[in-house]
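A, B, C and D are the chain letters, set down in written order, and residue numbers restart from 1 in every chain.
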Amino acid sequence: MTLLADLLSTVFERRYRRDASDTALDGRPLTELATALVGSAGETSGLALGSEILSRFAQLEDGDKLAFFRDIATTMNIDPERVRSTLDDYERAPSKASYRAFAEAAEPARQEMVRRLNRVPGATGALVQMRADLLRLGGAEPELQALDLDFRHLFASWFNRGFLVLRPISWESPAHILDKIIAYEAVHAIDSWDDLRRRLEPTDRRCFAFFHPSMPDEPLIFVEVALTKGTPGSVQALLAEDRDAMPEDAADTAVFYSISNCQAGLASISFGNSLIKQVAADLAAELPGLSNFVTLSPIPGLTKWLDEVGLDWSTEDPDNMRALAAHYLLKAKSRGGLPYDPVARFHLGNGAIVHAVHADADISDKGRAQSGGAMVNYLYDLPRVAANHENFANTRDVVATSDVQSLAEQIAFSTTDER
Amino acid sequence: MTLLADLLSTVFERRYRRDASDTALDGRPLTELATALVGSAGETSGLALGSEILSRFAQLEDGDKLAFFRDIATTMNIDPERVRSTLDDYERAPSKASYRAFAEAAEPARQEMVRRLNRVPGATGALVQMRADLLRLGGAEPELQALDLDFRHLFASWFNRGFLVLRPISWESPAHILDKIIAYEAVHAIDSWDDLRRRLEPTDRRCFAFFHPSMPDEPLIFVEVALTKGTPGSVQALLAEDRDAMPEDAADTAVFYSISNCQAGLASISFGNSLIKQVAADLAAELPGLSNFVTLSPIPGLTKWLDEVGLDWSTEDPDNMRALAAHYLLKAKSRGGLPYDPVARFHLGNGAIVHAVHADADISDKGRAQSGGAMVNYLYDLPRVAANHENFANTRDVVATSDVQSLAEQIAFSTTDER
Amino acid sequence: MTLLADLLSTVFERRYRRDASDTALDGRPLTELATALVGSAGETSGLALGSEILSRFAQLEDGDKLAFFRDIATTMNIDPERVRSTLDDYERAPSKASYRAFAEAAEPARQEMVRRLNRVPGATGALVQMRADLLRLGGAEPELQALDLDFRHLFASWFNRGFLVLRPISWESPAHILDKIIAYEAVHAIDSWDDLRRRLEPTDRRCFAFFHPSMPDEPLIFVEVALTKGTPGSVQALLAEDRDAMPEDAADTAVFYSISNCQAGLASISFGNSLIKQVAADLAAELPGLSNFVTLSPIPGLTKWLDEVGLDWSTEDPDNMRALAAHYLLKAKSRGGLPYDPVARFHLGNGAIVHAVHADADISDKGRAQSGGAMVNYLYDLPRVAANHENFANTRDVVATSDVQSLAEQIAFSTTDER
Amino acid sequence: MTLLADLLSTVFERRYRRDASDTALDGRPLTELATALVGSAGETSGLALGSEILSRFAQLEDGDKLAFFRDIATTMNIDPERVRSTLDDYERAPSKASYRAFAEAAEPARQEMVRRLNRVPGATGALVQMRADLLRLGGAEPELQALDLDFRHLFASWFNRGFLVLRPISWESPAHILDKIIAYEAVHAIDSWDDLRRRLEPTDRRCFAFFHPSMPDEPLIFVEVALTKGTPGSVQALLAEDRDAMPEDAADTAVFYSISNCQAGLASISFGNSLIKQVAADLAAELPGLSNFVTLSPIPGLTKWLDEVGLDWSTEDPDNMRALAAHYLLKAKSRGGLPYDPVARFHLGNGAIVHAVHADADISDKGRAQSGGAMVNYLYDLPRVAANHENFANTRDVVATSDVQSLAEQIAFSTTDER
């Protein structure tokens, strides 16, 4: 990674320097600079302006950041009258010029502002951080939500799957990347470098992350994988400090036991689907003995939903806990008929199916609190993933093994979620 | 480069394979697949569709390519009524939803098609090639020019300067890259590997190219540089087979003697300005003895203009040729008051000035034909480049040394270009 | 490093596999295999033999290792009669054949054994480990000391300075290398990853190590450097957890505050001299503001010597402690007139001089115990290092600043070390 | 490769600079400097001396080089009296000290000289070149042959197989390496970059070379491989300009059709055996469809031997030419019963067998002259290579297919070569 960072970023990094002529920037308000950037005829002053805007923004207090967002959300919005008139002109006489005029009118100037900011060396990461600020501060203001859609539109294009790079993360990876893996792990916290090492170094453990060439020191999303014999039923066993590692070619199963998004500023830009499929395909190619690709996933909404619908649960009764979990995964629905559980939505949407549920499978405080210790295996049956995916997209039916279906039927409770 | 290519592309390349379920694609027309791609709910089938579209398109005859472009230019265009109604909705009640509806309506579906195609491993280069086909075949049809604006809009975002990587090209570079340097050289043809070697291997020669991480084997633009003592007045001297190389730290001048764009499909996406400035800055940092950054540039429009305005010229009269060249560079104007000469427009627009003109400076057939053998040095005075650039953008005044001005005055001819 | 490791070792690693025909090896004693290896006509069976020997040796108990060493020390020693007769032949009729016969007779077969073992992929590290075992177990047995001289002779050739690679160690280095830096630090223990990070990540800290291409995951020796303004007088200040880092270009001094050899099996193969000089030269080239290259070194033999010669010392009296330290460094001699202190011998032998001594400079338990908390700066005055080195090699005079000389004079004690 | 070169050599390259104190070296004769180098107490002056010796030597005329070799061959030879006395001492009282004294006496000082020269950055390549000069100039002088044995002894240790790196050579390799491949090809000359490209770029062509980390820009030996269906019978077909390439996974046979040693200074340091076996093993792992590993080899001694023994031959009679070739390969013996043909000695010694012979298989001028156009396939039957090797080493029997044996029997001629 260091090398990649080197190749990709030192070229530009720290090269741009404000020169004497830039002092003119000093006194001017940030929004004025942003307006100038969009109007900037030339690349040179554009770089000076862009660099100034990014560095000033980064130092603002939250209140001033919010004010800046509101400013550009309104002053750099589309002008409906101009959209209408250019559209009329284009409809009357379609030409390169009339189409260009419409296209420019229909896109708010703030999109062009973000693109021009991105010309500054190292800007991509700064813009991702800027959107993280916007999401954190913007709340439900319609103008700011619209502004966020513009960021998201651009980021979906820039972080297009075709531009991402999959990299293994191992105990031989650079420490500053591993440091971020520790910080970003969102499912089963990594509490020390020794804990990290136990997840990376053994022959039966793997980790993979997506990177973007313009942010080579920042993982975007990563997945931790355990190679096992058979499908595991608890995360405690997987992460036990004193377990013996297995030779990698003795494994028949790859378990995706933790998937973490790393960048708040890339919310709603989906990488997880691609990540799991690529990692599964790569592992299948590397280790022909693998025939089984499953997750060991949390059920984050279980106890919340049980409490909502008034079903009793107790970690003391594991059989009932399993049945409740099965019932919840198959029956609890959210708006539009999608599963109530966000992790279920993700994996089922990817084309996985519900394979097995386990009680006492995550006995950490967090695991007990969110799901009474229950966990679930989603199965990625590679030859059927595409068909499952299509089917789920069309019907929203939750496919599960007959065991899980039987479990779910044990709960005599019927809910129609009307949200 | 091999390594970079390796890191960046082997991850994805050749990984996607059509599987059995994709046979459904076989009989369907290309435009239908394109429509399905834009509507595709899921990433999985999107990849299969996208891959099929790209590989089928690449095998089409020109007539069929043109038909495909016309199809998507019309069937995937904006729908004015939908733009108007979503705009009305948004104006009436600005919200995240109404803004999103408008934004989706105002952007033609073909843009989303191109973005989804780009998810396929290796697609970026294929899409650049697709636009090259469009430019070659599209002519002046307004619908196809509009389609091209959509490509250009996306490419300007993807090939944003912040995403490019500057790489030195040397005799130690991979042969398949050097092969492309030979093929793409557009100013002074490289006629053999030995010729190439003379431009790369000596201590007083350099070459640099921009690359995009998703097309790591394809230079986008490159510049050839000679390190010299003093400003050279002919390209023959620079490229002489039997010249003695100079130690790099004896040089006081860096001469940009050839700049070539490599990708027809990236026409109008400007890289040259950034390239020259970065290379100048890098060389200045590496070799503190350099104090002079000039070009040795062709004057491609000179004889054509002289013939147009009826001025006599002859390569037999070098003094007059220099004066004519100076006059042309300073006085001949194109539409909007910009210089008539395209190379002059480029360098003056970058913030360079006209430094010196030379007769008998390019005595190749091409050089004699286009400029009577005359060439020009543009000077990049780094501390003044930004100010020059601003000044030229505002006034279109051509700044030249007093010598060149005096030369230009020797021609008693006045023209007002009325185009 | 991962990359280097990759390039250099995956080529061979894990490629050699015992095949069916190798089962013949199974029952035979290790020494018999070693004898067969030296006699092995062909490379193929040599690899099988070598691989078997290395893997079996690694699994032996200490007693069996010692037995193996004794075996080869005697059975693979020179044959004096054969040396004499081939020498006679050569003297009588010098020829290619007679010289070859003598050279083969004069070199014990165990050297050839070690060279042949080294053909096995990954063997270099295993052989370094084998010598570590020999040094640990061999004691003062003359035969084993002679065997060790053979190892050392070969290693001096293989680990020739011209084959070593200097690499910066930073917070971006691979974790498995950093893990070894923590383990191998021999001067000021690194007690956690956070402690390590404080020594690597700040702008004013550096670390460099020598590697051998055949052991790319194993540092051979490393040095930790602090960039400072002025010469520091205590290691506590350098390593303080809460200190503020300084921009690297504000520093005028590079302080080598810790040098650790990593490989017990490379004892007496000297790298430190080269390391310090290369690092000093590289830092001087990178940071022109550096004008001062000093160590902050322990004085490991101080209290032991003071006790031996009966001089009272106390950490409560820092002025006296400094004077005692100065006196010791300048006056205490070991066999042959060299300084008594091993660290002093090393740096003075490299061409450094005694620059300053400090009390309360290392208040750790170890620092107090070995030197009453005193430390010393050795100065590497680059333009004078070669002359100092020559002078010390010839005269063994300890050069020191006048301050240190005056301090040393305060101690009215005269010793003539007669060892 | 550029990267490897970069990692491994820029560290040291061009770092060592003579400083002012080195002017003392200027007037002294080269042999005097060599003597001083061996006696040099310190590394610092050793580097200055070594660097001076290497750069001066490289500029000598051949006569002066020869004089230098004669000087060190005699003045730095062993001293028999000292060898005898230290041997007596050691025999009388074996100890570390007495063994060291003997070992130092028994090794000529010129070996230590070469080792010390090798400490200079970049010296390894210069020393290989020095030995090439020695072999070229030394002739049959016994002293110089003995000197060469010392070089060879050291080089065998430094270029130990465990230190070599196998690298694929492809059309993506650095041009300066490919340039050397063109220059060093010794079997079937590469007459242009296009010819080279035809041997590297197609999917069914491969090339591999061994490198040493200290000479990263210099291949040591390389092999060119064609992937084919079936065993090819002529090199013209393999190298045809207009042939169609085959997908790599359609091949069942890997043909080693050219093996070239690159460094005259590494004569008698054998790499070819390792190279073929590693390449065969790597290809077998990469392409499971390969089941056949053969050479298409020249028969360089055929016509010379036929002329010597008075057997008529003509390229006009291919059937007879094949029989003669088979007979020669199986029956013609050199000193000690080894095959007369050097290429046969190499491959049979590696464990290959004679698989087939072909007439009209190399119709180049060189091919007709040396073997009447005949060529031979040697077969590397991987599971049997080790046994074949042992068998040949013990019995010198040439194993061949029954077809080749029958062919050989057609020639009614019996020779017992008594050389």
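One rule holds for everything that comes next: a contact is a pair of C-beta atoms (placed from the backbone, for glycine too) under 8 Å apart; a residue touches a chain by one contact, two chains touch by 3 or more.
What you are looking at is a predicted structure, and each value in this text was computed from that prediction instead of being measured.
Chemist: Measuring between Cα centroids, which chain is at the maximum distance from subunit A?
Modeler: The chain lying farthest from subunit A is D.
Chemist: How many angstrom lie between the CA centroids of subunit A and subunit D, rounded to a whole number?
Modeler: 55
Chemist: List the centre-to-centre spacing of subunit A and subunit C in whole Å, with centres computed as mean CA coordinates.
Modeler: Computed from C-alpha means, the inter-chain centre distance equals 48 Å.
Chemist: Which residue numbers or ranges of subunit D touch two or more of the other chains?
Modeler: Only 3 qualify.
Chemist: Per the touch rule above, enumerate the chain pairs that touch, sorted by label.
Modeler: Pairs flagged as touching, ordered by label: A-B, A-C, B-D, C-D.
Chemist: How about subunit D: which of its residues touch subunit C in the complex?
Modeler: Interface residues on subunit D, with respect to subunit C: 3-4, 7-8, 11-12, 15, 19, 21, 41-45, 48, 78, 80, 83-84, 87, 90-91, 94-96, 99-100, 102-103, 106-107, 115, 118-124, 142-143, 145-146, 148-150, 153-154, 156-158, 160-163, 165-167, 213-214, 273-274, 277-278, 281-282, 351, 383, 385-387, 389-390, 393.
Chemist: Could you pull out which subunit D residues touch subunit B in their complex?
Modeler: It is residues 1-3, 5, 171-176, 178-179, 193, 197, 201 of subunit D that touch subunit B.
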